[in-house]
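One structure, pasted below without further comment.
In order of appearance the chains are A, B and C, and numbering begins at 1 in each one.
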Amino acid sequence: MGIEEHLGYNILTTSLEKLVDWGRKSSLWPATFGLACCAIEMICTAANRWDIARFGMEAFRASPRQADVIIIAGTVCKKMMPAIERIYEQMTEPKWVIAMGACACSGGIFDSYAVVQGIDTYLPVDVYVPGCPPRPEGLLYGILKLHEQILKDPFLTKKYRERLALRQEAV
Amino acid sequence: MNKAAELLQEKFPEEVVEVAEFRGETTITVKPGRIVDICKALRDANETSFRYLSMIAGMDYLPQSPRFGVVYSLYSHRNHNRVTLKTLLPDEGGPVIDSVVPVWATANWHEREAYDLLGIRFRGHPDLRRILMPEDWVGHPLRKDYPLRGK
Amino acid sequence: MNGAETMKRTETMLLNLGPSHPSTHGVLRVLLELDGELILRADPDIGYLHRGIEKMCENRTYHKCMPLMNRLDYLAGEVNNFGFCLAVEKLLDVEVPKRAQYIRVMLVELTRIASHLFWLGTHGHDLGAMTPLFYAFREREKIMDLCEMVSGARMFPLYCRIGGLAGDLPEGFIPAAWDFVKTFPEKHQDYHNLLTKNRIWIERTKGVGVMTPDEVLDWGWSGPMARGSGVNWDLRRDNPYSSYEDFDFVVPLGRNGDTYDRYLVRMEEMLQANRIVRQVLERLPDLPGDVKVQDPRVSLPPKDAVYNDIAGLINHFKLIQEGITPPKGEVYQCIEAPKGEMGFYVVSDGSPQPFRLKIRGPSFINLSAMDKLSRGRLLADAIALIGTMDIVLADVDR
């Protein structure tokens, strides 16, 4: 992300921005992060019927360094939270978070001593996909919404860079 | 079944507190002192042959005293029948009972879970530490006086 | 220091497998002590998915516990519910109508096939065989369609209710189920063609994780894990419940107790489950009637009684407001789940909430023998062992 410092903001960079955003959304590689039942629907999304490969996302990377998006699929327990934070911090920018399922969005039906009531208490979530578990079509809709967000991502503007710096300080 | 109750009445008459039948199941309440010998007898005797331990459940009967109890469910592959053993632990000295790991190896994880969630200590357990909660967790969540949403 | 002396001193290495790992089937962490590639000790660290289900059930009515039960073994959602409903029905001493029992058996056996298909796909995927995953999911999607037809939800139908079923089968279910039953055996042959005589599969699974029948009983293994070692035990046949004694099926047994035998046992179980579903479909037209027992303690009364009769109104009000209130007592009901013996120990103190609900999860006990099985084996075998134990972390951690 050093190129924008040299180019400034003009017609050349908007076209470049569009190209890069299109490239980013067309091959968002998810990190394998299925925790519970929603992971099964995530695997179904990647399997024959709702083939996620048509969106370029079939390569679930085990290593967070190679992943772009982390789909938190399933209940987040307090014991697991340090591991999730470590993996999120190891992911390289740009990175996005999809909270899949009621448990990741808000704790779901599990309002107990051992469950974190929503992953957004620790990570900045971009798309929430509710459901218990959400159907594969629901997850695909969430992914398409994320694609829309990415296409409008003005990563070459100064205002965006300031916002990103603020976000990184907060996490 | 009745054979298990008969066996225990014969060999450990002063340990058996009560034999109850409910919905076709037999529950034998025994005193916790000689639990390992009782379990060994149930496992090794030919007519009962309870070589399989299904589960160990820790219990917290809070308003009542004694407060803690342990329930064992045994199954016999030879006779295809089941018996439930129940013991109530004395309140003084914290809930402690002998471990039945020498009798059935599977008791290891069941007892660790009862220790983790209810605080019942098992004397002689090879590796008694928390299993489900994080190691530095304070408190025993399944006790009746522990709030549902945690502290 | 002498160069030769420093070379002779070796140390073992502690390797952390998980909790975020592609092959641990969920959030399982295994601490492996390794000498090169040889495993000296394996210590599973669980609890990363402990959601406190047992404690939550103590604060909910019996009916409200059912969504939590569904999410225990999430690959076989209906089976957990079935076991819980049987336990509460035993406590209440109600007899479920025959038609409801048969439909329950059908749905449970279909869910058993779905669970084994998922196991087959992921076990193969872990050991490097990626094709069976897509083949297995082809059939699993058909079963998910049947579950969706019956209740609207794919994985968690919540169709078994206390006292019977939520409602009768919808239009179109029986032809779709017949279609599945008739086409499944030839698709099943596809899986055999891919793996059973495959040289690599045999090398990776034969001789791995051997348990003798005595050790199986000592370590509390049940289900396909026990049958793979030759222990002739199936709760559906030996302690039948819910009309299983009316059906004709074979219980497959292994001989050597290794991963390959357990694979063959589960493959054959899928065909036997298909056979049971076929028998249910053949007999269902001759079994008209209610699908829920008409007992005022359990079922809502019919609407004209609620509107016209004061007793009906009070009954309806009490059931909705308080819920089902079993008598004081305790029962232990266990069923043959796809993973093994799944048990529910329900203690009731006469109130609408269970006093204690202890769930005996088969995966919890199957996993406890991991240390014993993996000593002396190579690191790659640890993955094969986790796959053969067919663990579901929500069942392990509850």
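What to note about this one:
As a convention for this text, a contact is a pair of C-beta atoms (placed from the backbone, for glycine too) under 8 Å apart; a residue touches a chain by one contact, two chains touch by 3 or more.
Remember, predicted model here, so these are calculated numbers, not experimental data.
Here B-C and A-B are compared, and the pair linked by more C-beta contacts is B-C.
When every chain is represented by the mean of its C-alpha atoms, the one lying closest to the mean of all protein C-alpha atoms is C.
Here the CA centre of chain A is 31 Å from the CA centre of chain C.
Averaging Cα coordinates per chain places chain B and chain C 25 Å apart.
Taking each chain's centre as the average of its CA atoms, chain A and chain B sit 46 Å apart. Contact with two or more other chains is made by residues 133-134, 141, 146, 148 of chain B.
With touch defined as above, residues shared between interfaces to two or more other chains in chain A number as follows: 79, 111-114.
Contact with two or more other chains is made by residues 47, 50, 52, 55-56 of chain C.
Within the complex formed with chain B, the chain C residues making contact are 46-47, 50, 52, 54-56, 59, 90-91, 93, 217-220, 231, 233, 238-239, 329-332, 334, 341, 343, 345, 347, 356, 358, 360, 364-365, 368, 397-398.
On the chain A side of its complex with chain B, the touching residues are 78-79, 111-114.
Here chain B touches chain C in the complex through residues 22-23, 25, 27, 51-55, 57, 59-60, 71, 73, 77, 80, 82, 84, 104-106, 108-110, 113, 117, 130-134, 141-142, 146, 148, going by the rule given at the top.
Considering their complex, residues 19-22, 26-27, 47-53, 55-56, 67-68, 71, 74-75, 118, 133-134, 137-138, 141, 144, 154-156, 393-394 of chain C touch chain A. The touching residues of chain B, counted against chain A in their complex, run 133-134, 141, 146-151.
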